[in-house]
Amino acid sequence: MSHRLQVKFGDITLKNPIMPASGCFGFGRDYAKFYDLSQLGAVVVKATTLEERIGNPTPRLAETPSGMLNAIGLQNPGVEAVINEEIPWLTQFDVPIIVNVAGSMTEDYIEVAERISAVKDVAMIELNISCPNVKQGGIAFGTDKKVAHELTKAVKKASQVPVYVKLSPNVTDIVEMAEAVAEAGADGLSMINTLLGMRFDLRTRKPILANQTGGLSGPAIKPVALRMIYEVSKRVALPIIGMGGITTAEDVAEFFLAGASAVAVGTANFVDPYVMPKIIQDLERVLDEMGVKSITELTGKGWS
Amino acid sequence: MSHRLQVKFGDITLKNPIMPASGCFGFGRDYAKFYDLSQLGAVVVKATTLEERIGNPTPRLAETPSGMLNAIGLQNPGVEAVINEEIPWLTQFDVPIIVNVAGSMTEDYIEVAERISAVKDVAMIELNISCPNVKQGGIAFGTDKKVAHELTKAVKKASQVPVYVKLSPNVTDIVEMAEAVAEAGADGLSMINTLLGMRFDLRTRKPILANQTGGLSGPAIKPVALRMIYEVSKRVALPIIGMGGITTAEDVAEFFLAGASAVAVGTANFVDPYVMPKIIQDLERVLDEMGVKSITELTGKGWS
Amino acid sequence: MIPFMGSIIQNEQIADRIYRIVIENTTINEKNQKQMIPKPGQFYYIRVNDTTDPLLRRPISIQDFDGKRNHIKMLYRTEGIGTTQISQKKIGEKLDVLGPLGNGFTIEDAEENGSVLLLGGGIGIPPLYYLKKELVAKKVQVTTLLGYQTLSDSFLIDEFKALGETRVASMDGSIGIKGTVLQLISELEKWDTFYAVGPTGMLKAIQQKWGDTAINGYVSLEERMGCGVGACYGCIVKVDPSIDKKGYKKVCSDGPVFSFREVIL
Amino acid sequence: MIPFMGSIIQNEQIADRIYRIVIENTTINEKNQKQMIPKPGQFYYIRVNDTTDPLLRRPISIQDFDGKRNHIKMLYRTEGIGTTQISQKKIGEKLDVLGPLGNGFTIEDAEENGSVLLLGGGIGIPPLYYLKKELVAKKVQVTTLLGYQTLSDSFLIDEFKALGETRVASMDGSIGIKGTVLQLISELEKWDTFYAVGPTGMLKAIQQKWGDTAINGYVSLEERMGCGVGACYGCIVKVDPSIDKKGYKKVCSDGPVFSFREVIL
């Protein structure tokens, strides 16, 4: 196997830069029926909170042009069950495990980070300060730079593994947010989470989502993601896992040009369950066409 | 003709709530070749600045999934030419004229507002504090609530006609921005302007747009527009001209449910030059299907 | 449940806004047939076109399966952009299909000579046809109650009648009795098991009617879907925590068929 | 320039990544023919499909027009999502077309027995064919110079030859002389007017070569388009302010053909 797709994040080596976006892949079980998860660069699991969460009422999903809205509300079985049932199951695959951590209070985040990062097989924490679909916490942590700074610092202290902070795009100045978490010691950034959006049903005359608003994902948000990654990567010296509408290997190359060092694929899994293995396969062709030996060469090559 | 589509903004009556979005219709001449502009609810012309502007270098456009990026850079012939050549030409149509006003400094805005609002046939000013594509001014005015407040106040004082403020979606808290301009005396709001976005060309490895970033418009941004209009209309008692991805009469109804009192159609004109007359025609059917006598009944009916 | 490109064999309107589509699945082979041959109550997840608008797949139930020719039959009603675009596809075109997905109707406990009631409302009716066929093949006594809005949007009635007793209702009385499918239930008859598919209102009424009796019953649910395979938690239905302590299930992968007692509608 | 739904009469590959599409415009009538009959150098603005992905139309030049049957012929090269999807359309399908748009080549000043040079590079070549036809009909002496990358992506050569003198170059020498179209220019010949379509590099070289001479010439430009009709200011080209004081023109509505002296490339 060639090493052209290999990327490194500190001590962690990924065989390729393709991983699922948190919340779009459950804990891996569903897509493991389609292919061997060891093919992936990493597996990022659903947001994990201290206690079990039942999430929002349905409808939780709505469709939009080239996109979708979700208001799942961080439904998950809680950190205990994730540690006891999900992580051990995932260790059968030869793939680094990244756990997305969420909470409503700083204390929750800290406790989840402590417990999850103590699990031998967890490679990294993705700190979710950007979930738009919960009443408390979530996005509030991701739109105030002081709050984001403090939380990152606290989680960083609690964690035994690298902490990547997942930024919300629903801010006036994304660079400011990135700088705030960088100063707090973040090891890297994940961007972007969903844009806040909404749809209405003409028949009921009410919002389609029971939660009214939801998070916009899919190809529609790709240009916003690329712009934010570009702005941040030029100013903040942290590796970035890029996401937002990625569907093809060409999209991956575009995210690298913008400044990403790896990417996550979310919504596209719903359209084609094999999309990630396909992208991994196609990437070699795209690198050939671009005349590039290793994909790492592309990071930030689009800066001007 | 039925009055089901009629909407009122203070003293100004529009025969229907459909108007072009500024910058997507030039000064009306190009689409007047396709149909009689008197069919429209209003005509909103391109951003007008004090001096002539030549705009940004090309490429100025890029395509994205269900959307497009533009970085025109406020190219326009300047207020003098607009007053002498464009407005007089437009007066041949039986349609209110709304002038989008832009500038790099408060003084520019004030002077343009003074001069334009003194023209007898100008019904309204749309204060553009949200153009993402110019180095100075533009979006800066639209992302800082104090600056937006001051500018609105100054322009309001200078203007003899109602002032609608066009908000930028590239902010953390759109309600705060709306409140700031409402307090400054704005007569209404236009929302939303474009989201900041970006694309890269894999061949050149550089941003597609010469300006690097551009404004994202089209169906892709519709859910973001609806969400912002919903949030603002519930909190701020000003009429809203809604826009962002409108393509069909059903979209118009959705914007009304969210809280709009009229709408503007931008990018969809590029896909179908007849889209606005078509929407106006279709609206009656949509109102029938929804069992609504007058479109004004729908404004804010989606609030919950 | 690998995705495959099916060839469209037929795609025609059979009633008001109701279409029949038949697609051939040439990917079925001896190895994968256990996964690829559909069971009544399962659904296919269909990609409308190869653009990103509309983005998501559309779930449509299996109405019948012709195992000799590997023909998948589905009936659908045009609702919005997705089903309308599907209705415009021509014979010979390819259709990107994922499935069969979900768990079908439990028919293992339906006994020979046992008696079963099928209740279908509107566009919920199609999956009952394949179910009835399988039940009849097992020599189960099947009574079918079908409810429509009106004559012009009714369909499959003769086909159901050919398989056994079938009674019909419509809201305007233009076909069968006037009223809902529930009014077709005679209190004199008794069944071991029922299977119901239709609008939530209908399923709720059935829950109320039989909740306190000993009857065994299944309902098939609809919910807006993202992944269709259990990963996104978009299609949750609440379940009675005394039956499943998690308190929820996924329509796509745990359903779409559930015991009528467990779900909270 | 009303949009119309044209019927696809032909859509086939004629060289590496090069396709010919013929569409019938049945909307042309006596009243609108002045607007609807294309002039050489004009373009059509084609909607790829009826979804929003891709969103924008694609500009393609008229290659030839058959006025008897109202057949519009265009040649296109598959570049990305839009042209690839157009290449997959079948005969009989409808195509949503807006046009003809823009101003074509000025041929009013080409005189009988005058001599004209056409220079075409790659996918810029097609519009020259319709132009040559019209010039030849006006009894103008036309010499055509065509440049390709290589033999396998060359096209229309025989058709051009049938209309008069035609010389060919390719970058790898696999057809015609080895080199660019500029190397086909013989210094011994003289022309009144030239018309050039091709990559910007080629047009720049021509500007340099003839900028200081008395020759009259036109170039056709490409720019990314939004509206295609002059409203969005997306397709600006800078022009010499001493020729037009505004300092810019729009490729879609002022062009795509410009006097070679006025534009700043």
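Letters A, B, C and D name the chains as they come in the text, with residue numbers starting at 1 for each one.
In this section, a residue touches a chain if its C-beta (ideal position, glycine included) is under 8 Å from a C-beta of that chain, and two chains touch if they have at least 3 such contacts.
Just so you know, these numbers come straight off a predicted model, no measurement behind them.
K.L.:
Name, by label, each chain that touches both members of the pair subunit A and subunit C.
P.N.:
The shared contacts of subunit A and subunit C, listed by label, come to B, D.
K.L.:
Farthest chain from subunit A, comparing Cα centres?
P.N.:
D
K.L.:
Which two chains have the most contacts between them?
P.N.:
By number of C-beta pairs in contact, the leading chain pair is A-B.
K.L.:
As a quick test, compute the distance in whole Å between the mean CA positions of subunit A and subunit D.
P.N.:
The separation of the two C-alpha centroids amounts to 46 Å.
K.L.:
State, to the nearest whole Å, the distance from the C-alpha centre of subunit C to the C-alpha centre of subunit D.
P.N.:
55
K.L.:
Compute the distance, rounded to whole Å, between the mean C-alpha positions of subunit B and subunit D.
P.N.:
36
K.L.:
Can you compute the centre-to-centre distance for subunit A and subunit B, using the mean CA position of each chain? Integer Å is fine.
P.N.:
34
K.L.:
Multi-chain contacts only, two chains or more: what residues does subunit A have there?
P.N.:
Touching at least two other chains: 62, 64-67, 218-220.
K.L.:
Which positions in subunit C are in touch with at least two other chains?
P.N.:
Residues 52-54 of subunit C each touch two or more of the other chains.
K.L.:
What's the contact topology between the chains, one of line, ring, star, complete, other?
P.N.:
complete
K.L.:
What residues on subunit C touch subunit A, complex-wise?
P.N.:
That would be residues 1-3, 47, 52-57, 98, 223-237, 246-248, 253 of subunit C.
K.L.:
Which bits of subunit D are touching subunit A when the two form their complex?
P.N.:
52-53
K.L.:
Could you list, by residue number, the parts of subunit B that touch subunit C in their complex?
P.N.:
Residues 65-66, 219 of subunit B touch subunit C in their complex.
K.L.:
What residues of subunit A sit close enough to touch subunit C in their complex?
P.N.:
Those in contact with subunit C are residues 23-26, 29-31, 33-34, 46, 54-55, 58-68, 70, 72, 75, 77, 218-220, 247, 267, 269-274.
K.L.:
Touching subunit D in the complex: which residues of subunit C?
P.N.:
The contact residues of subunit C facing subunit D are 49, 51-54.
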